[in-house]
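Residue numbering begins at 1 within each chain, and the chains themselves are lettered A, B, C and D in the order written.
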């Protein structure tokens, strides 16, 4: 199991996280995790997943999977494939990659059979509650208007974090609640944790930082 | 440039091509290519692309890319990412993964700037001609009713192969024409070549074979 | 408000419900409703919606709306457009037309502002509970394997009906629970009601019947 | 057959074209057409199609159809349904509603069997040539950056119009070439015709005009 609170770094499809740059980000996560004792996971670019997961000993997530079983589905990604690649789970339903509810449900059910962790993203309180009914490993609350803004959700809209935590735990106490959008400093992480979140999901704050390792060190100093 | 005629193995999302099994398939392609002198390329599962391309010295294709530039597109795959992963190009518009025409056009245009090869799949003569106008590196003609059937297109519908070759070359003589669907033996490959194709795209005939290397050797004996 | 229990006839895109045939179905619904006192609503083919809703005085539903506001969205359908067309609401997320969860959420929120009724379809208990958190007017539980089967859900899987009713009412007591899939007789409707459903959603049982009016009369005789 | 040059008014999903407002626009098209002798067609909002087409005697187009045959496809629109609704054809692949190439091909093929006219939209020269290979009734060239801009394509980029006409006619001389994007006056229409276009496709220039009928009269005065 993952240690909480956790920092999950979604490197998206940024130019700054392709190939060797993505590998360097994963290694920075590992070093900072080792130095600080804080659990840090990474979601590499899709085509780099096995390559990075097999050589950097931190938890790796896929950024997305498709609602397929292994079979004749050219170009699609199954849970079985990401597990074999070395991932511990997958992000799902990011606001940049919204999914059909029956697909989310199918993937979460299958993830349980495969011992994979689904971190489902949500954009508001009602969708958060809806996805809580599907019992994913974690829900990452990310108001889309704050993504990439540098304005941390824990400051811009603290109530959405605390209300989400309350609502999710009431539906299923086992679901981990993360918060995302605008997180870039240890202060932001601490604020999120004080509001009840058990970790953060972030992207540009590290990937686009001049010194990603320094940014990670700051984040892990909550 | 790739040497023609070429055999491209699309391993799809089959259980038989995940992880180590996909790596073994790539190594079999390499050995058979070395032994026979026939160019053999592979399209690994998406999350295994960099991992396989970086360790097996044969041409690797992505099975799919999205019509994005590098950026904040969680879970999507750019041409830049597959290039960095070590791919020489990508399959596109497989009948299992049909795409919007403006996306195909955008990706082909960008592939030229990046020196990546697009192998666009088509399902009939009119779509073949339409995509020929977009000038991809290659067009793979695959009547969907024959995919996975074991009935080679070169026997079931030889005219679609010869007519596609004529139509494509008339529009753009530089486009390579492959044929797919139902190919599983060297005889099938030879028949395709006699009809004017410059290679084949296949999947289950090798991936699902009891002895994939033997199947590849047969295919390469055209 | 609609009177419960209600029968909602989804005419889908069947050849038997295009144009004048769809109008005849709507008129049959009206006559049977008048004769029996049972509320019967219809969801006409999309392009016939205004034409039928403006001339037959029964509740009409759209079969689908898109998650758009009025604007430059060629070929898409807004809630505002169906309201003006005379619809009382819309079906949503039918298993033949699955939708993204953020779209379903957005449409339900907007439907409340416009006094339109969303009947959201679900395929199993977990998705039913998830959508209940979004508080639509109604949820229609339709196990996809029974749709068009002639085997009524109320007999094949009575527990999914009763469990759905319990689960939905626990989340939001105001949500109407309908059941669908395989319903074709008054006995099926009665069984559904005894299991706690407040109506049925059906299609082929009437649209494909030799005598749709007779089929409706049987359905309304629960 | 439609008389050329033709003006096709796409009313999109604008608030200004819902219901009675859309009907008034159709009536304005009819009056201006009658007064000027210029063929003017309209593409009403999807749910208003039958209602408007059955009461206003001008050619009506659907704004979109799906690549389905009549059947169990809740919320989707078939060519058969729009024909019965009174449409003469459909717009397709608008930049706001891009489609898969195999769907465009399938719909065009079926439209020929049903004597329906497909007006396929394209965004640049390569896509124009690609779609010309599918032989639709007409191609409407609309550089997306000019849509809704008020800057007529005939002035901003005259070469795309003349080059499109040449390229299309070379592939299939029977295809009608329209131009769109930014058209709002009779001068714009005349410029388009002088560049070889046989009509225009426009939207906001009329729908958002203070006096749509006056705008139509100006357009028809080319």
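The working rule: a contact is a pair of C-beta atoms (placed from the backbone, for glycine too) under 8 Å apart; a residue touches a chain by one contact, two chains touch by 3 or more.
Just so it is clear, the structure is predicted and the values come from calculations on it, not from any experiment.
Enquirer: Under the document's definition of touching, what chains do subunit B and subunit D have as common neighbours?
Expert: Intersection of subunit B and subunit D contact lists gives nothing.
Enquirer: Counting one step per pair of touching chains, how far is subunit D from subunit A at the shortest?
Expert: Each step joins two touching chains, and the minimum needed here is 2.
Enquirer: What is the chain whose Cα centroid lies farthest from the Cα centroid of subunit B?
Expert: Farthest from subunit B by mean C-alpha position: C.
Enquirer: How many angstrom between the C-alpha centroids of subunit D and subunit C?
Expert: 33
Enquirer: Go ahead and note the Å separation of the Cα centroids belonging to subunit A and subunit C.
Expert: 37
Enquirer: Between subunit B and subunit C, what is the separation of their C-alpha centroids in Å?
Expert: About 44 Å separates the centre of subunit B from that of subunit C.
Enquirer: What parts of subunit C, by residue number, touch at least two of the other chains?
Expert: Subunit C, residues with two or more chain partners: not present.
Enquirer: When you check every pair of chains, which ones turn out to touch?
Expert: A-B, A-C, B-D, C-D
Enquirer: Going by the contact rule at the top, pick out the subunit C residues touching subunit A in the complex.
Expert: Against subunit A, the touching part of subunit C is residues 93, 95, 98-105, 109, 123-124, 126-127, 129-135.
Enquirer: If we count contacts the way the header does, which residues on subunit D are in touch with subunit C in the complex?
Expert: Where subunit D meets subunit C, its residues are 10, 12-15, 18-20, 43, 45-52, 54, 62-64, 68, 70-78, 80-82, 84-85, 87, 91, 94, 96-97, 147-148, 203-204.
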